[in-house]
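Input: structures, listed below.
In the two assemblies presented below, chain A is common to both, partnered first by chain B and then by chain C.
Take a look at the complex of A and B:
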């Protein structure tokens, strides 16, 4: 349990550090939301000063940070200048959409990568391995943005699946099953892009980990024991190769999360990506900080889940 | 450059016999063991099991043969899945090949452990928690779990101390107890470079050198009148070792 407590403490410290760094960088960046207003002749300098005072922008940085921490404790996460509303309810809806997409894409990516990586290791040097590693290499060199735009083009040209958004017009009045189907159709494009972005890394790591284990003496011993090859792969080799893969799972959540921000913008998925971009362009300080903080929370949570899974899977960690 | 690991090796293993395969390092003993256990395919020649040439069998047919020819490796630490408990290690083949329920499998595993002198309480432990001697006995128990027709021990006692070697030797002698029906008695191929232990456990001997059988026959006869230089060298080495070391415990 000390291991888990230590990991939890690390996660909490990482989050605290993220808030400080994000706050510092976002605040120290030149310009703010009200600088844009200065160009508007209808808004007087006095009004601007009053607005800055209202949002505590006239106070020193440490004070502003403490005020923001206080508002975080009150469940507000600061105040959006553009939406004139607390940040948390605004980002929570977008974060939910991002989570939905990222979790779906992560699960799909692993479901596809696991058999591909295992088969690639089992048939190392044969044509199936060449096809899998070759395809992975091609996907690895294609920039994420090119892949996203390519699939968007296909969606627009073929109309096989919706090219943007999260739901069709009037979908909210549909029965639950139809709504779910509509959501699945809309998710197809961004999820496919994210899965393809994640595949090369996952397949290569799984292949390497399983290939290592397949060379172990206990696999040979089990083979001599008459254990069928498929069982050797899935019941022996894969669980024995699990440790680095569990760590990779935590990492893949983070990678897909950061990848999803770009994909969301390209495919108009109403998640944190477009919302953060909009906030950055508008210099909506607390929305940017809130969005980054929530992304970090997901990333840290993903790694913490991986740590817990590792703790459960590896007795050596439990006895540490 | 290709190396011929085995050349013109030919012998017959009858049910219930105990044969020592001895030779210096690099003489091809372990390659022979891997071929007999269907883990390696010979590039030429044939291995027949119960009249069937293994060369012409499909992978699924070989899958059925493998449990009947069990190989115990030299290094028991490497032979077990590190994430399996002792029970999981022993019950794997029963899950696949029998309809025993979990309780029955557990009972049978405990019985098997008792046969190799291991306590029931280790069933829930991982192999890494066992000593070297316990692991090797577990390896033999796992091999016996399948009631094999041939049990091959590839330098299986080499890394063990003398007292554990003696325990396992006794176990192997028990397997050859004449009160056990011949059909239930596995043939034992004892691959070793330890002639002293081989002479205690086995009735026949095959001496190998550079991938070839250079001498074979009944153990006593070969030990008394070795015909080949390699056999004489092994006997000389063994007597040197036994005279320079403390006396081994009686088997």
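Take a look at the complex of A and C:
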């Protein structure tokens, strides 16, 4: 239990440090959202000063940080200048869209990678292994951006599936089942890209972990006892190989919010990625901080979940 | 061991070959990367023929002239009656090799009419030339950023592992923080607070320093591990006993031991950082037009009309693949046999 408490404290401290670091970057800012208004003759300098005062932009950094922490405690996370609204609700909607996509993609990626990795280890050196490792090697060599744009190009040229957005025009008025189908069609492109990006890394790790275990004595002993090969693989070898895979799964969870940024922008999925990009271009300071912070929360949480799962799954850690 | 040493050498030669082509972009590319031809926007890639319509074989390869279709501005048809013969080693647009050596000679070109192997972009700029010149920018960005990361990593990791104590705990806590932050988001965050409209040179430096400085943590951790074990070695203790300074020991005894780690990390980091530059430029946060980079060459694909009508604008993405292949193969062969890196490579 002390182990878990220590990990939790560790995660909490990391998060606190993150808020300070992301906030520190604001001092590097050579301008802010209101600077562009200065050129506008319809806005008087007095109004600008008043606006800046209203958002505490005229205060020194430590004060701004404290004000921001207070608003974080209120569930606001600062204020978006462009949307004229607290940041958290804005970011939450986008994060929901992102999670809808990435949870689907991550589950699919693992469901596909697990059997591929296990078979690849089981048939090591045979043609099935060569096919699987060869395909992963090819996927690994293609840069993410080339993969994403390539699929987008195919989608646009062939019109086999919708290329962009999250729903068709007028989809809100459709019955629920049709709306779900519409969503699934739109999700197909970004989800496929994400699955293909994750695939080679997952398959490689799973293959390596299982291959390690398959060489161990207890597997041969179990085999000598006449336990069928499939049961041996899935009930004996896979759980024994779980340790590194659980850490990897923690990474997958951690990357749920931050891993799909590029794919979202490319396929115009209305998630956190395009939103953050827009905020950067508009110098919408607190939205950027909020986005970075939220995705860091996920990364830290992912690591923590992996720690807890390891604690639960691996007795060796408990006795340490 | 011998076999993987051999493999490492093969991949190194392969990569060196690719990089030499890119370094000689001014010579290999037939045109200046920013030279516009407003009469030929979005011209499709030209095929190089050796056999003409009548079945006659030509020793000198040629292409057919593309003419704009009646009533269009971006639709072309091949005029099979007029050939453009391909000439080798022709005089063309002036360039500077490596930014210094002036030259006018190009590997290939034409005497009249233009030859666009990969087509042209919306301003009629030759895409083939732009990809080659863009490769210079992107590859150099990756190499420079990786050197910054490795330099910082060796510095921080070496000091942290060697001195231990509170230096170690502070540096490592900081490294942990850098590792846990979502990398691309952090890159974005930092970019958000730097000026948006800057000259290409400034933008290049901003992007490179940013990518390099944010990535120091992983190499630092690895170097720290080596330094930790190295400082307990007998010859290090002996040197210490003879009164060698910390700096001397770090430079003479600790650093050489980290070489294989640094080389492997370089092979991993360079492609990763190239991709980071490409991503930033693709999103309009990196190196701006008209200077070409792989990233901003691809950024036109964000327009639907380009995707639907001008597929060849995707070619820069394919140009990256051999480079990534080379670097990945190199890093995996280095990892297979860490000693390969030690023996004079």
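The criterion applied here is as follows: the second predicted complex is superposed on the first by the 314 of 320 C-alpha atoms of A that agree within 3 Å, B and C clash if a C-alpha of one lies under 4 Å from a C-alpha of the other, contacts with A are read in each partner's own complex, and residues count from 1 in each chain.
Going forward, contacts are C-beta pairs under 8 Å (C-beta built on N, C-alpha and C of every residue); 3 or more make two chains touch, one makes a residue touch a chain.
Predicted model, so just to flag it, every value in this text is computed and none were measured.
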item: Partner chain in contact with A:145 - chain B first, chain C second, else both or neither; value: second
item: Touched chain A residues, chain B compared with chain C; value: C
item: A:248 touches, of chain B and chain C: first, second, both or neither?; value: neither
item: Partner chain in contact with A:310 - chain B first, chain C second, else both or neither; value: neither
item: Chain B versus chain C as contact partner of A:132, first or second or both or neither; value: neither
item: Contacts of A:256 with chain B and chain C, given as first, second, both or neither; value: neither
item: Touching partner for A:206 - first (chain B), second (chain C), both, neither; value: neither
item: First (chain B), second (chain C), both or neither touched by A:116; value: neither
item: In the complex, chain A residues that touch chain C; value: 14, 17-18, 21-22, 25-26, 28-31, 140-146, 149-150, 152-153, 156-157, 163-164, 255, 257-258, 261-262, 265-266, 276-277, 279-281, 283, 285, 288-289, 291-292, 295-296, 298-300, 303
item: Touching residues (chain side chain C, partner chain A) in the complex; value: 176-177, 180-186, 188-196, 271, 275, 278-279, 282-285, 295, 298, 301-302, 304, 307-308, 311, 314, 317-318, 320-321, 324-325, 328
item: Chain B to chain A touching residues, read off their complex; value: 37-39, 59, 63-64, 66-67, 70-71, 73, 75, 78-83, 92-93, 96-97, 126, 139, 142-143, 146
item: For the chain A and chain B complex, residues of the former touching the latter; value: 216-218, 220-229, 231, 236, 239-240, 313, 315
